[in-house]
Amino acid sequence: MPKRIVAFGEVMMRLQVPGYELLSQANTLQYSFSGTGVNVASAMTKLGHDGYLVTMLPDNPLGDSAISALQRLGIGRDYISRGGKYMGMYFLENGFGQRASRVTYSNRLESSFNTATLTDYDMDMISEKTDIIHFCGITLAMAENVRESMKVLARKVKEQGGTVCFDCNYRPSLWEGGYADAKPHYEEMLSLADIVMMNEKDALYILGMKSEGSTREEQLVELIPEVAKRFKIQSIAGTHRSINSDNSHTLRGYIYKEETFYFSDILSFSVYDRIGSGDAYTSGILHGELLGYSPEKTVRFAAVSGMLACTVVGDTPLATEKEILSAMEGKMEDIKR
Amino acid sequence: MPKRIVAFGEVMMRLQVPGYELLSQANTLQYSFSGTGVNVASAMTKLGHDGYLVTMLPDNPLGDSAISALQRLGIGRDYISRGGKYMGMYFLENGFGQRASRVTYSNRLESSFNTATLTDYDMDMISEKTDIIHFCGITLAMAENVRESMKVLARKVKEQGGTVCFDCNYRPSLWEGGYADAKPHYEEMLSLADIVMMNEKDALYILGMKSEGSTREEQLVELIPEVAKRFKIQSIAGTHRSINSDNSHTLRGYIYKEETFYFSDILSFSVYDRIGSGDAYTSGILHGELLGYSPEKTVRFAAVSGMLACTVVGDTPLATEKEILSAMEGKMEDIKR
Amino acid sequence: MPKRIVAFGEVMMRLQVPGYELLSQANTLQYSFSGTGVNVASAMTKLGHDGYLVTMLPDNPLGDSAISALQRLGIGRDYISRGGKYMGMYFLENGFGQRASRVTYSNRLESSFNTATLTDYDMDMISEKTDIIHFCGITLAMAENVRESMKVLARKVKEQGGTVCFDCNYRPSLWEGGYADAKPHYEEMLSLADIVMMNEKDALYILGMKSEGSTREEQLVELIPEVAKRFKIQSIAGTHRSINSDNSHTLRGYIYKEETFYFSDILSFSVYDRIGSGDAYTSGILHGELLGYSPEKTVRFAAVSGMLACTVVGDTPLATEKEILSAMEGKMEDIKR
Amino acid sequence: MPKRIVAFGEVMMRLQVPGYELLSQANTLQYSFSGTGVNVASAMTKLGHDGYLVTMLPDNPLGDSAISALQRLGIGRDYISRGGKYMGMYFLENGFGQRASRVTYSNRLESSFNTATLTDYDMDMISEKTDIIHFCGITLAMAENVRESMKVLARKVKEQGGTVCFDCNYRPSLWEGGYADAKPHYEEMLSLADIVMMNEKDALYILGMKSEGSTREEQLVELIPEVAKRFKIQSIAGTHRSINSDNSHTLRGYIYKEETFYFSDILSFSVYDRIGSGDAYTSGILHGELLGYSPEKTVRFAAVSGMLACTVVGDTPLATEKEILSAMEGKMEDIKR
Amino acid sequence: MPKRIVAFGEVMMRLQVPGYELLSQANTLQYSFSGTGVNVASAMTKLGHDGYLVTMLPDNPLGDSAISALQRLGIGRDYISRGGKYMGMYFLENGFGQRASRVTYSNRLESSFNTATLTDYDMDMISEKTDIIHFCGITLAMAENVRESMKVLARKVKEQGGTVCFDCNYRPSLWEGGYADAKPHYEEMLSLADIVMMNEKDALYILGMKSEGSTREEQLVELIPEVAKRFKIQSIAGTHRSINSDNSHTLRGYIYKEETFYFSDILSFSVYDRIGSGDAYTSGILHGELLGYSPEKTVRFAAVSGMLACTVVGDTPLATEKEILSAMEGKMEDIKR
Amino acid sequence: MPKRIVAFGEVMMRLQVPGYELLSQANTLQYSFSGTGVNVASAMTKLGHDGYLVTMLPDNPLGDSAISALQRLGIGRDYISRGGKYMGMYFLENGFGQRASRVTYSNRLESSFNTATLTDYDMDMISEKTDIIHFCGITLAMAENVRESMKVLARKVKEQGGTVCFDCNYRPSLWEGGYADAKPHYEEMLSLADIVMMNEKDALYILGMKSEGSTREEQLVELIPEVAKRFKIQSIAGTHRSINSDNSHTLRGYIYKEETFYFSDILSFSVYDRIGSGDAYTSGILHGELLGYSPEKTVRFAAVSGMLACTVVGDTPLATEKEILSAMEGKMEDIKR
């Protein structure tokens, strides 16, 4: 019996210049629709669950197009409200080598999602059947009305026996007042959450905790248990990731659960499109938790899920459980016939 | 010696689905940059003059891309200010037969151009060297700050001996308060203008004039002389256009000047992209006036210019004086070798 | 409350040469997935209902791709079985003027759908919640195992109180034994059906009926009531269509219901892609019946639905109820802003 | 047993802007290789014969690419010499409606073909096995070295019992000295030719003949028999063609043979790409002559061949004998399944 | 005087998703036609010989398209039969990094080639003029009728004094009964062959031979001479190849001839498309044998040929003799002007 | 106040096969317009100056297209003459790994630029306002008429107080008579130049100087000061560059000024398109000189400019001053939001 995984978040239209040209050189764009919530709902669908998105989209051809794209990924349209006027959009120019990629946003704060209020969603219906609800820190940064919907929804799902997942995902540019502004909202979400995606920096900077550790690893093992205790969080997971000079990435996943830390192997791999890899990791954690994998297996599954997400086009993870399990066995094949 | 033709107006980014797919079917867009001012400045450049645009564009990759596009058309970048945050954008899905084309706008009122104020432009420098300045009714509809810049610039150019051209171009959806709101602003612009693009409907609805005529033609010849007289306008020109069932158009141009009406032949022709045809007509009128063509020749030149603009891809007229004069001789060639 | 519309049929992969090149000239193909069932389920979804497809697809990347495409159209994946080995495919080269389009099939009889048997589907689950089930004559022509599934499903839906729709859609090339082979199967389906898509030729050739009429119209009004009576069919509908020399089509819809014939206006219109127009018409009929439109409105709604389907890219109708109602008012717009 | 049809002529690289953009708007080109000789050799191959081209191409990647393209069409590479430095090229911008197509040439006179001399070809080997050799007036206009090769080859083929076909195809822009310069060369080719493509204008202007007739038809039937007699030509064929206002063409073919004129029906049809239609007509005539069709059938076959060539992409005719015969029966099909 | 190289084998239609998207993400495909026989015949043509293919293709637009593609490569159409109903096809999704490429086949066993029997080919005509005939183990695996044609053709060519080349190319998935089924057929082909492509694994697993060697190299030098002796084979050649972690390949060629082993240098190089590299190696061996190169030169020529085949788009080797000889001198150039 | 930077040189049309296909495989080309002068003028415009090009282009659609492309880059059209008949063109096939890129030229010597003479340019107008004029050795190699224009223009600019920049850029294939032919012309240009781009090889081979040094570096520091002294050159700059096996490049810039050598760091970086990197380096030197940067900063600025030019599509450098300064700080960013 598939579980119902529901994500709350904005759908962004991504308008990407093909190849490596700049906007001032090209004349075509490829468009797609993504967002952390989209990625998680889609990834969970590929893993065999039923993914849904709680969002609001304008009732115009852009909104229609977004819904078609979400459905293509297998995400259910039942919890999508229509209203407001605009879609959040960004333009992406791919970098190459020493030249960084560039992102140019449209006016995101006026999007349908960011102007929607509590009454735009049927929170009771949504929370009733939801096994896991997923939120992220980007959404938390948006606007007071969005934060209100987010917290109400988290509470209702919790009341109905669902699991609340919160991905800290702090983006400095989105919080005008910096960590001080963010802190109370993060604390509220953490106290509502059962599963949290977080690393030692979130603890240090957002929560203002102190650490004796001098390496990331030392800080991590010192702070995360403290956070789990303080906010009564069932599982805290995340990754340490680094970019190598030859465009490959190195990733190591961890999960802290029942007062124990579990780490994945350190994976190194070529990267086609790194966006969405974190959401694939999150989905791997949620899948492991739902199926009652051992923490060891969960963290390995999640790390490989994050790695494979870097090998596909676009933000959205596409690997199935079978493909991830097969990649965990580690045989690199040339061609699958 | 080429003349300096300056247009004041917004640059819009046009994001068009290729072919006849809907946004929900496709995954690529073609983008270009246009607007009435862009079209007139570009058309005048093709006719041998130096075209400039007074506008404001964001200082980001979208703004850079717009400037590259304007330069490609030969428009000078000297009067383009950089600032504000966003570009006006619209998505275009091509209609077919009984299915109309659809346009979906982004939040245009927050664009750099529509948030720019008088001090964002160096009006003195601009007005000093301008032979003709061009404004249009779409710009007039935008916002009070835009209207102010527009009127100040018109006045300064007039003071410096330049010619002011105003294209009425009334768009009902842009005036919340309808004709009543628009009227005083139109009257102010008409009293500043030397050359006006206008038809009988503008006189009836915007200016609230009355006519005994029962046909468009009767109303036209009754009302336009009255307008010219009231606002002391040197030349008033425009077109009557109709769409035929086989996708061809019919167009007849007119100019009223020195108390006389002159009409072009009635032209019928196949249409590839009708947008920008009116701006090509305007450019033909301005070119005829600048070169001292007879009114008969001016109106024929302008009408053929409008016709040829319907045969090229995109909004922007591309015909040269030589090509228009050759087409006026009316020989339809199969292939030019 | 949306209704559940379920179609039973094969999903075909369409591999189309872009533009007007032949396969021997080009090197790229555009692919999509369609079929009568797909078209009807999709069209009903656009009209506000929940569309489902009962079919079998191979458990490989082609099957995955088909499901993504169906989901994009809003069709639910719940009744799609996975198994068998192949997808039905056809290659399409677009004709131009005097040169006809060409279709080249792969080995369709070995497709997953055509090798599936009764036990590959959960007929009880499907029939339980279905408001309308749709079948067509193409499916009926395929193979005995397919026909068996079809008839069992029709019966079960009927037993559960659902409505059975059957579209005769006779394709001579698919019946080796000709009308004689087809007749008993058509009779069985007609006796199970509540709503039937059929014209006078089906009655004459498949059922072997005789008519005194010399025109299509005379034969229609003579034979259809007889069929309705003999098979106790609630509504019989269809179209008369002709192709004009300038590539436009003319279409007139009819519905026979409660012993009365109702006809739509004769519509003439430009055609972009005629495939799927009949399925759009069917969907219009089903929508009218579901919502209790008057027969006059139903037939007009269906005819306009069929017309609009000719203006979009691909086989699958995309018009919403609002768009069809707006087109019924007959105002042809140039651009919808 | 297939016949060997050999054409002598230049291969031109065609660089075409896709769609309707101008060179100054676009950034991609489609390239192909064509020419009258290519078209005739290719068309004859499609009709079941073995087509060859006598030409010279540079020994560089452009020449390799041209050979690949010719081979794709089924033309044999045996008589293609390699040498010289350049390919003839032209850029093509498609016109639309009142805007004519534009062709811009590279320096054609320096091409490998136009700088090749008699010794660059193995004329003995070529002439030995050739059933029909085809020449055209464009080649005749090029340069003295080209004319010499042409005449030597015609003579050798004639000596070996082959048939010589000459297509007058007079292009004013290629003859600096006008008709006076051309006349002696045309007369020499006509006296060598067995089958000639020609119309009344060629007789009037090139040969300087006089006619009493006032219509094209009257002039044709007066002059062509005279030409046939004077130069002892077995068959003279050609077409009268006109362009209609709706972009369709009208065509009527004729052949004069054994002192009798035969005309095809007047065909009217939509045109996708008119280039190469004349060469398709020529091929139809040659095919009819080779197979001993009656003159009535030959002229009808050729006219339909010319019509179908207007329905395919590119210059090169692609219809098979079966397709032409089927089109002669005149049933317009919608889709061939 | 060019030699006639004839290959016997199936033409497969390859339908490839462009870039790195999955079938469920994309909507276009690039198609081409390939196969071991196609590759060898084409490569030999590029090396200056006349390449032919013995195969059967359906008499429909897919078959026409395949023939156009073969001709483009310079392969003669003389030995291609038309008949049967289908083309073998496969879909290819490119892998990236840890994600393997995926191949999905259509029903290959029903293809024209795999249903063709002895009488579908004119074996006498083919064998009469053939200098070298090429077969491969993939074809041997297909069906009994195919094997029969293969063996008859090998015998006839041998009788006429031609050389028989056999490439073992064992694909486990194609032999239901495994090595035991394959063995007698391989033995029969080996006893007919003069030149064989084979490695130590073929000897161990197919022929069931035993080796004392512990490395591939030791097994190779022990077993291959034994095979050559047992089956009286003139030359046995092959490669040892490995994939490096940075996507480059390492390749070393060998040939065993006149009781001596010759090895090429070990080559390491970047790979664009590895398919067809083995066929390029085979072609290099055949070319060296035909031209009487020393075995040392032959094996180096073949290895470089295999390397260069990895640098071009598509399966089919495109390097000329001159290019291979130039690459053997080992100067890596940046740009050839 | 922006400076006027004027380059004298040919505009070449580049016709590039997309991706890695050969001309004989593909059917589309991407076209752009470039050349050393274009690159320098464009790069200086991006750095905030006003760039102009002195050249001649044909008065046809190719010339129009070139001008549009130059304008798009921001280059002023004021000094572009129209006349002559042809554009210089080259076809580019991208290499991969061991397969080198291939360039095939059209007949460049007949281009408008190479047939233009002194009177085709208004040298007085050009020289009057020019701050820096740029020449290069490719232009010097073309034809006597071109050399004459070049030298006259250099002299006139010098007389008017402008700075003359000369880039040695010796291309062996362009000088039939080798170094001996080139020497006097180079000496003349060097004696006119203030800023020179040159390395030790130019001194050794063109000027025939001798060096004791055994490494490039030793030769450089020995010879360049001698050259500067002999020809009274203010600054001599250049780069030492090498290609690494993994397709990355290593670059070190130098400038010799006021009797001192300054070197940049050694930069290693991935390369997307190496063409135009040298021109970007030149532009960096000119910019540093114009703004009075210290020589240390100038050479670092130029080297980073050259590096960034390798990361963009096409020949033409696109980095702004801000982007170069930011890259000089050396922080590699992943995405700029």
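Read from first to last, the chains carry the letters A, B, C, D, E and F; within each, the first residue is number 1.
As a convention for this text, a contact is a pair of C-beta atoms (placed from the backbone, for glycine too) under 8 Å apart; a residue touches a chain by one contact, two chains touch by 3 or more.
Listed by chain with UniProt protein names: A, B, C, D, E, F = Sugar kinase.
Keep in mind that this is a model prediction, so the values were computed, not measured.
With contact taken as defined at the outset, subunit C and subunit D are each touched by B, E.
Of all residue numbers used where subunit C meets subunit E, over half belong to both copies. The two sides are thus made of the same residues. Centre-to-centre separation of subunit D and subunit F, using mean CA positions: 47 Å. Look at where the CA atoms of subunit A average out and do the same for subunit D: the two points lie 64 Å apart. Multi-chain contact residues, meaning those touching two or more other chains, occur in subunit E at positions 22, 24-25, 27, 67-68, 72, 102. Applying the touch definition to every pair of chains gives A-B, A-C, A-E, A-F, B-C, B-D, B-F, C-D, C-E, D-E, D-F, E-F. Residues of subunit B that touch subunit F in their complex: 67-69, 71-74, 77.
Across the complex, subunit B meets subunit D through its residues 72, 246, 269-272, 307-308, 310-314, 318, 327, 332-337. Residue ranges on subunit A touching subunit B, taken from their complex, read 15, 22-25, 27-32, 60-62, 64-65, 67-68, 85-86, 89, 91, 93, 102, 104, 106-107, 110. Taken in their complex, subunit E has these residues touching subunit A: 19-22, 24-25, 95-103, 105, 173, 243, 247, 274.
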